[in-house]
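There are two complexes below, and they share subunit A, which is joined by subunit B in the first and by subunit C in the second.
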Partner chain A sequence: MNALPIDPALAWESLPALFQGLQVTVFLTVLPLLIGLALAFPICFARMSARRGLALPAETFVVFFRGAPLLILLYLVYYGLGQIEALRNGPFWIVFGSPFGCAIVALSLNHAAYMVEVLRGSLLAVPHGIVEASEALGITRRNIFLWVRMPLAIRYGLKAYQNEVVSFIKGTAIVSVVTITDLMAVANSIFEQTYDPFTPILCAAAFYWALVNVVRIGFALWGRWLGRHNEDEAVRAARAQAPLGISGEVLP
Partner chain B sequence: MNPLPHSLDLAAEPAIAISGLVKLFGDHRALGGVDLTVRRGEKVVICGPSGSGKSTLIRCINALERLDGGRIVVNGIELTADEGTVQDIRQEVGMVFQHFNLFPHLTALENCMLAPQLNRGLSRAQAAKLAMAHLERVHLADQAHKYPSRLSGGQQQRVAIARALCMEPRILLFDEPTSALDPEMVNEVLGVMEDLATGGVTMLCVTHEMGFARRVADRCVFMDRGAIVEEGGSREFFDAPASERLRGFLAQILH
Partner chain C sequence: MTNLSLADLAGYLRQLGEGALVTLELFLASFALAFGLGVLIGVATLARGRLIRAAWRVYASIFMGVPSLLVIFLIFYGGSAMLGAVLGEFGARIDISPFGAGVAALGIVYSAYVAELVRGAIENLPKGQFEGARALAIPPLVMWGRVILPQVMRLALPGLVNVWSFMLKETPLVSLAGLQDLVASAKIAAGATKEPFLFFVATALVFIAFSAASLWLATRLEIRLDRGQRRDPARTPARAEA
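Up next is the complex of A and B:
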């Protein structure tokens, strides 16, 4: 008898399939993260605009897509939009006709809504005096944004961004409900074939855990590099000596 | 900062001409029609109790505050709401703040390099050379590669002065530059400011450092409740104040 709830032989056999599922999960994480972030910038600017005509639609977008449960959003995009005749015959059917397209749209909209708020909070955290000092130096608004506000906002918002990315990765598991064979779907199908509830699910959990921790380590390194201006002189010197240290001066 | 040769034809024109300046914060009248003219190369100290409008006055000059009435002309450029005009004036005017406001993510050197690189298109090497020259001028060349969080308050304020100088402004505004400093660091900052005063740069300085005002100022201005109450050469200002309010103020701060 095996005291462990998992069957090592099955786990070993499942690895290739799980790896394939993992690739799908990574793909469905990276692409919406990029698209969502790209969407979040203009929406955030609109949200922070003094003009109601811009701020109100942006705020509505955030309220709607942050409020809508991801699963319902995915159903609406996948099953709901397909009901629209014009869309089925239009050029966008390339996107909305495939479960991948729908998943990417739903995940991107969800991520964008969250990122608008992360971005806004980070930009608002930049001390006003520092922005004023840049203005007094005659730096243009665009350059102040690129070289002063954004570099500081990234530092203030890094933890919130990391939280959002980590919960987003795990949130992608719901795409299995629209026929996409991501990591979760692979684990599920192994379960259905073998009636072993523990081995595939625990293996999938380990994969998610590993993925999240790769992200965590990435963020930790990024944060350390960004935070180098707050580091102790001695710590920095020691790190510069270390073979794996992150050193060198680079303008952010 | 040497007097610029091409400004000679404009020499008769004042560096800063302020007339009828009004600034409101909601219902509060922070400045109620202030007139002040600063000649080129003149060193003017503004003092007064807190809330008297002295910071607001100098913040209007480089458009950090929008004016609600009156005119400001800086080196012949009239301040308007137009963004281009505001940028032109800001190129002429450097500013040093009470709380330094250095860029925390950049080293002292990079703090000084940023504006010349972005505004004047200097290369990294050119900007670094310029920045180093000005850091030397404030005696901080050896700290150039440190981040602001590693510098003392006095050092940070001197970096802020060097950062303003790197844009080679003809007018420098100081907004209580030593008020946020520990007492032992005040003199290193005042020393740098006195050095600057020996050059041709126009200085407008909000400060309560009366020793500095006596040594450096060509003229002192006393403000109270949004208006200029008294102004004069630094000697008569301190030794023979005309108004009761200035006498009261000086008695309080000189102990």
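Up next is the complex of A and C:
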């Protein structure tokens, strides 16, 4: 056994397949991120509503889809929903009949549940006085939300959003259990063909690492752009966060 | 809707119970490893040395940037070869069980998160705590064990609870390496009975219930650890994370 457990020839050969897997992983990240975010807004409003009839179902949704492991959600959608006769004969079978559809549904629901909490935390972090001042100025509720609360909430919640997106990307690695050939599945199949336990998996690890860090850099740039009106404060905030570690990385 | 007899159901429930025990063992062992390793790494990498800091950055960046499932597979498939490289002929003959691979992988991955929390908590402690201990000539081991780390635990507790509940949701991944845990048993039962909906929802509820119970305990623990800090014991923690 040589010092480095990586076989460069095999790594080079498997690059095209790994790139294809990466594309699937990116696709399975972007689409559920968009759907989940779109779902999160109405659910978050329901969750924050004063009416119990709205808040309770939303809370149940969050508790279930956030508390259940993603693997079980995926099994539930992939195996469980096929059990329902009406669904199998209905028009939605195009979605639930395919592994991709199931994976996207499960991932979106999971992401939506996390995003409800991220959104809620960010909206609650907006100082109440600012909202009251806007109301006193006679700004409509819709405009207050769009132009006062949301812009601030995005800034407060950016770090939490980044953490959720990063852990979501890593979470997509399980979709191979429903026969989707994402990055992880490609690495696994190369392992099964060659019995080289290191080269394919370490190459896939490098791809995941690169993807995650591209997202991190993207968020850092976004955060800097959002804080462009106040560079000093941004620098101070970054310093205050520094003791929490290299990148302030925490779990959502 | 259901076509299960009561005896069948009891049998499957027993199997699920056994699986749940495996999952619980795996989770507790992994968390213990992550916690121990994380505290050690957190304390060790606080040193000013540039090399140590660089090593920590690389370690954290790798294990925070790579899916746990990938680390599980890496250790499960490649663990024997790795042990062989380190321990020689003897190590190569050790077979890695799914359980061992799972504990090692989850422990290593989450030790990075724990270390991050511990580092942050230590750096947020007032300098006077270290200076006071030194002025009183308290030996380093006692200082860490009796002065610094107890305070660190209080500061790091909310983050540790997050790691706890997040890690719990990642334990089912080890079933993909062949471990007969709760999720694997549920999958078998679902396939055999053609009742996947029932079994997977039940499994999900087990995880949610365990998570909720431990969160409740954590809140109690947090209030207790904070008792010297705040005058109002009925204070509700600001954190409402699940």
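Everything below uses one rule, namely that the second predicted complex is superposed on the first by the 230 of 252 C-alpha atoms of A that agree within 3 Å, B and C clash if a C-alpha of one lies under 4 Å from a C-alpha of the other, contacts with A are read in each partner's own complex, and residues count from 1 in each chain.
Please note the rule applied: a contact is a pair of C-beta atoms (placed from the backbone, for glycine too) under 8 Å apart; a residue touches a chain by one contact, two chains touch by 3 or more.
As the structure is a computational prediction, the values presented were derived from the model and not from experiment.
Placing subunit B and subunit C on a common subunit A by superposition gives a fit, with no clash between them.
In the superposition on chain A, A:G53 contacts neither subunit B nor subunit C. Within the superposed three-chain model, A:I130 lies in touch with subunit B and out of touch with subunit C [touch as defined at top].
With both structures placed on the common chain, the touch criterion links A:L81 to subunit C but leaves subunit B unconnected. In the superposed pair of complexes, A:T140 makes contact with subunit B only, with no contact to subunit C. In the overlay built on the shared chain, the residue A:P91 is in contact with neither subunit B nor subunit C. In the superposition on chain A, the chain among subunit B and subunit C reaching more residues of subunit A is C.
Nowhere in the superposition do the C-alpha atoms of subunit B and subunit C come closer than 20 Å.
Annotation: subunit A residues 249, 251-252 touch subunit B in one complex and subunit C in the other. Residues of subunit B touching subunit A in their complex: 62, 64, 87, 90-91, 93-95, 97, 99, 101-107, 110, 114-115, 118-119, 145-150, 160, 163-164, 167. Remark: subunit C residues 56-57, 60-62, 64-70, 73-74, 77-78, 81, 84-85, 113, 116-117, 119-120, 123-124, 159, 162-163, 166, 168-173, 175-176, 183, 186-187, 190-191, 194-197, 200-201, 203-204, 207-208, 211-212, 241-242 touch subunit A in the complex.
Residue ranges of subunit A in contact with subunit C, taken from their complex: 1, 5, 62-64, 66-73, 75-76, 79-84, 117, 166-167, 170-174, 177, 184, 187-188, 191, 197-198, 201-202, 204-205, 208-209, 212-213, 243-247, 249-252.
Listing the residues of subunit A that touch subunit B in their complex gives 127, 129-130, 132-140, 143, 147-148, 151-152, 155, 226, 228-230, 233, 249, 251-252.
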